[in-house]
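Okay, here's the structure, questions in a sec.
Here the chain labels run A, B, C and D in written order, and each chain numbers its own residues starting at 1.
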C-alpha cells in the first residue's frame, strides 16, 4: 500500500530516460527550440522535509507559464479578490493563446493561467512600479520561496520571446483596447517575458512550490505566505485551468493540481503531502510536457496521491 | 477545529430558509417553473453511516442533469474507456446547451456533463436495448445505489421537456449528422428526457452518491460498483465540468466535486468522507442552484472538506 | 466586340464537355451521389425571346438551393418586408449549413439563401396551409414562371434528403427554440425537402428565371410578378449571398447575380438581358458547381455581361 | 423617367440638412469625435464631365476606410493577383475590427476592406519602400486621380489614431504571428494610419473615384489606370464587402458598389455613369454614414442607377 517514494521515483526516472516517444520541443520561441529533448528530471519536496530528486533535476530550464502561479500569488497579495474583476476563473475551452474568447467576453480573459490572463496579472504587478522593479519583485519572491537566490532570469530567452511574441503583443493590445491593460502594452509584456524566462531546476521549483503543499505557509519558518483559503483556491485554479486545453484530461488522469509551461516543466501540489517539479522538454498535442505528464500520472497512482482519493481510507 | 456537522447543518438550513435572494426557477421546462422557489433541503450521508438531513430533505425534486453522473457511470461500465472516443473530458467554456463547440469539433461534445455529451452517453446505453429497457436500467441502478425502490420518474416532467426541448433535438440531430449518435435521435432523446425527469429527495440522492465517497464501493455491502480509479475519475470530471460554465468558480469557492441540475439539485462528493445532496430551485446566472452553491460553500468551509485542503494537517 | 452568343455557347459547351477536372458530386444526399459527373448543360433565355441551349440542357436535375430564389419571391409576396424581421440580408461568412451564427444571433439566420434562412422562408409559406398545399403552391409558381407544367418533384430525392438531413433537423429545431420557426419543425422541413427536390432542365430553369431579367415582369405577358424594386433586391441578394461562402468570389470573377444548388445547377440573371441556367454536378470546394462557375465566368466575359461593366460603353 | 440630377441632388441635400436623426459620430478616434454631426455634403462626377455638388461638398473630411479602395488598386498594380494569396475576397460576417475570423483562418483576412485586410494591403505597399515613401506614393496616387494636389494628410488624425489604435496593433501583430505581415507591424500600421487620415472634400473624392466609373480609365486623359476587368472586380468587392457587416443591406437598398469610412464618407460607383461621394459624420449601427446611406438610396432610386436595374429597359 504505502509505496516507497525513493523506489518509485527511481523506476519512473529510469523508464522516462529510456522512452523513445518524447514529444516535440516548442519551436515558436527560438531559444527554447535548442533544448535537448532527451532531458528528464523530477524532484519531490515532501512536507516532512525530505527532498528527493532523480534525473536532470539540477539543470535549470525555462519555467515559462509555471511562473504564472507565482505572479498570481503576488497579485492576489497586492489587490486581493478585486483581481477577479479583471480576469475570470473558468477553464477556457481554447488553446493557450486564443484571442477569440476575448472578443466575445470584451477583453476579460477566462483565467489567470492562459496568456491573456497572465498578462493582466502582470499589469497588476506593474502598478506603482517601473518594469525593472516589478521583474525584480517577482524574481525575489520566487528566490524567497525556493530559499535559493541563485534562481535567475535567462535574458536570452526573454529577448527571444520579445522578438517573436507577436501573438502576445496582439493579446495585450486587444485587451488594452477594452481598457483591461492599464499600462503601455509593451511594458506589461516586458515584465511578462522576463518572468516567463526565469530559469530553475526541478529541485528549485519543487522547493518554491512548498507553500502550496503547506496550506499557504512557508515550509521552514511556518510563517504565512498566503492564507490557507487562498492557497487552496490557487490549487483549485491549477486543477481546473493549469494545463491549457488539456486541464480536464490532466485532472482525470493525474488527479493533482498542476501548472505546466512550454519549457516542459510542470509544478504539482499534493496538499499536505508534497510539492513536485518535473521537467522534460518534449510537449504533447496540448502543449504540456509529454513525459512529465506521464511521470506524474505514474507517481500519483503509485503513491495514491490523487486529491480524489479518500482522505481516510475506505473499508477494504 | 472539528466542527459539529449537526450544528453546522442546522445553522446553514436556517440561514438558507430565511434568505430573500433565492435566484430564479428555470422556466424553459414548463413543469419545472411551477416549483416553489422557497424550498431548501440538504442531506449528508457520512461514510461512517450517519445520514443527517435538514429542511425540505424528504421532498422529491427533478434531479435533471445530476442524473448524468449515474448514466456516465453505467456507460463506462458498459463500454469502458472506449467511451472517450465519442466524448471529451475538457470543460466546455460555453453554456450547457451551446452548439458552437460541436461544429468546431465535428460532433464530439467536450464532456459527458453538458447536454450534448450526456445525449451521447444515453445513446451508448441504448445499444442492444429498447428505450423503455434503457430507461428501466438507469432507474434501477439509481434505486440500487440509493437502496430505495421508491425513486421514480416524473412522467409529466419528461413529457414537458419532450414537448419543448427543441434545442436538445437540435443537438442530437447535429451529432447524428457527424455519426456520433447511432440510434434515431428521438430515441436517444426519449431516454435522455426520462432519466433527467427522475425525482428524488435530498436524502435519496445523498444515499445514491455514496459509492463515489466510498471510492467506488457500495456503502453497505462493500462490493465494488466501479473501480476506485474510475470513481476518482468521475469525481475529477465533476470538479472540472460539473457546473457548466460555472465549474471553475465552484471548484474555487467550494473545492469539492459536484454535479448540478436545473431542477436546483446538486450532488457533491467528499472522497472518503461524505456524499452530499442539496436542493433549492432558484438558479444563479450559470444555471446552478444559487442557495445550494452557497450552502455547500459554507458547509465545506466549516467542515474543512475542500479537496485542496491538506490530507494531513500542516504544522500549525 | 458584340460576340455572337450562339458561337460563344457552342465553344463553352465543347470545352466543358472535354474538361477532365469536374469537381466532386455531392455525396451527403445519397440520391444525388448517383448523378453522372460527366454532365454539362447550359441554357440562355434572352430578353429578346430567344432560348439558346447547349449540352445536356434538356435533362432534369435536382435544383436544390436554386429553389430558394422562388420561395423567397413567394414569401415576399405573402408577408412583404416583414420577412426581414425573421431573416437577415447579410452574407454569412460561414458554410451553408453552419449553426454557429444562429447561436450568436439568437436564431435569426443571416440571409434567406443559407439553409437556415430558407427554412424560415418555408415556415412563412406554411402559414394557413397544410404542407401538401404549400408544396403545391411552390411547384405551381415555378411551373407558371417556366410556362411548363411538366416541372415535377423528385420524391425519391426528397425522401433521401428527409432520411439523412439530420443537420437541417438540427437547424430547424434550434431556430424553433428561439421561436423563429412557428410550425412543427418536421412540417417546415417536409416542405423544404420537397421544394429542394424539384427537378428541372436547364431550359426550364432559364425560362423560370426570366422574370428577374425582365425587372419583375412575366416575360411573355408583361404582367408584374414582383415590383421592379423587389426584383432588383432579389438579384442583389443573389449577388451577395447566392453562392454560400464563395459568393464574394463569384461576384468578383463572374460579376452577375446567381444562385447555386448542390445538385450542380446555377441560375444567373443579367438584368434586362438574359436569364441563364447551367448544370454540371461536380462541385468545387465551396459547394458550387465547378464547371458551371467556370462556364458562367467565360460567358459573362465574352458577352460583357458583368453588372459592374459600364451601362453605357466608356470612350475607347 | 429621366429625373434631373440637379433637382434630385438639391432635394436630397435639403432633406438631409433638415433631418434630426443623424446617427452618432465615431468616438474611438478622439480627433474624429470633434466633427460637427450637422454636416452633409454630396458630389457627383458624371461620366459626361459634369461635377454637381450640394451641401458641405467643399469641406475636407477624414476619408478613413474609403482610402482602402485606392490602396487596393495600388497593391493590385504592384503584385497583381498574387495579392489574393494573402487576403480573401469574401464578406466577413463580422464587425470591421473582429479578430475571431483571423484565428479560424490562420491569419488570412477575409477581404481587403476590413481593417485586417487593409493592413495586409499596406504591408504589400511597403515592399522596397520606407514608410514615408509608401505614404507619399499613396497620397500622390489619390492626388493624381482627383487631379488635385491639395489633397493632404491630416497628421493630427493620424497621430490620434496611432495613440489609440490598440485593436489595430492587435490585428497586425496577430497576422504577423502567422507570417502574413512581413514588415515590423508598427511600420505597416504607420502607413495605414496615414492613408486613413487623408482628408478630402466630397468634390475631390468624387473626382478621385472616376476611374472606376470609367471602367478603369482616367476620366480626362482616357489612359488606363487599371484594366477594365480589374476596375469591375474592385467594384464587385465594394459591393460585397464595402460596408462592413452592413454590406448586404447596402447592396439590397442602394444597389450600387460603395465603400464607407468611419469619418462618415462613402464613395460610390455607377459603372459607365458616375462617381459619387457623400459625407455625413453620424454613423448607423454598422458604422456606416447614416444620412450618407439614406441619401445614396434616394439618389440611386431617383436616377434608376441600381446595377441590378436592366441595362436595356424591359418592355413596358
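Note that in this section contacts are C-beta pairs under 8 Å (C-beta built on N, C-alpha and C of every residue); 3 or more make two chains touch, one makes a residue touch a chain.
This is a predicted model, so every value here is computed, not measured.
Among the remaining chains, none touches subunit A as well as subunit D. Rotation relating subunit A to subunit B, from a C-alpha superposition: 180°, rounded in steps of 5. Compared with subunit B, the chain whose C-alpha mean position is the greatest distance off is D.
Over half of the residue numbers at the subunit B-subunit C interface are used by both copies of the sequence. Its interface matching that of C-D in over half of the contact pairs by residue number, A-B stands out among A-D, A-B or B-C. Subunit A and subunit B have centres, each the mean of its CA atoms, that are 31 Å apart. Averaged Cα coordinates give subunit B a centre that lies 48 Å from the centre of subunit C.
Averaged C-alpha coordinates give centres for subunit B and subunit D that are 55 Å from one another.
Chain pairs that touch, as defined above: A-B, A-D, B-C, C-D.
Of all the residues in subunit C, the ones that touch subunit D in their complex are 47, 88-94, 101, 110-111, 213-215, 217, 222, 228-229, 231-233, 235-237, 239-241, 245-249, 251-253, 255, 257, 270-273, 301, 306-315. Contacts from subunit C toward subunit B in the complex involve residues 98-100, 102-104, 166-167, 169-174, 176-177, 185.
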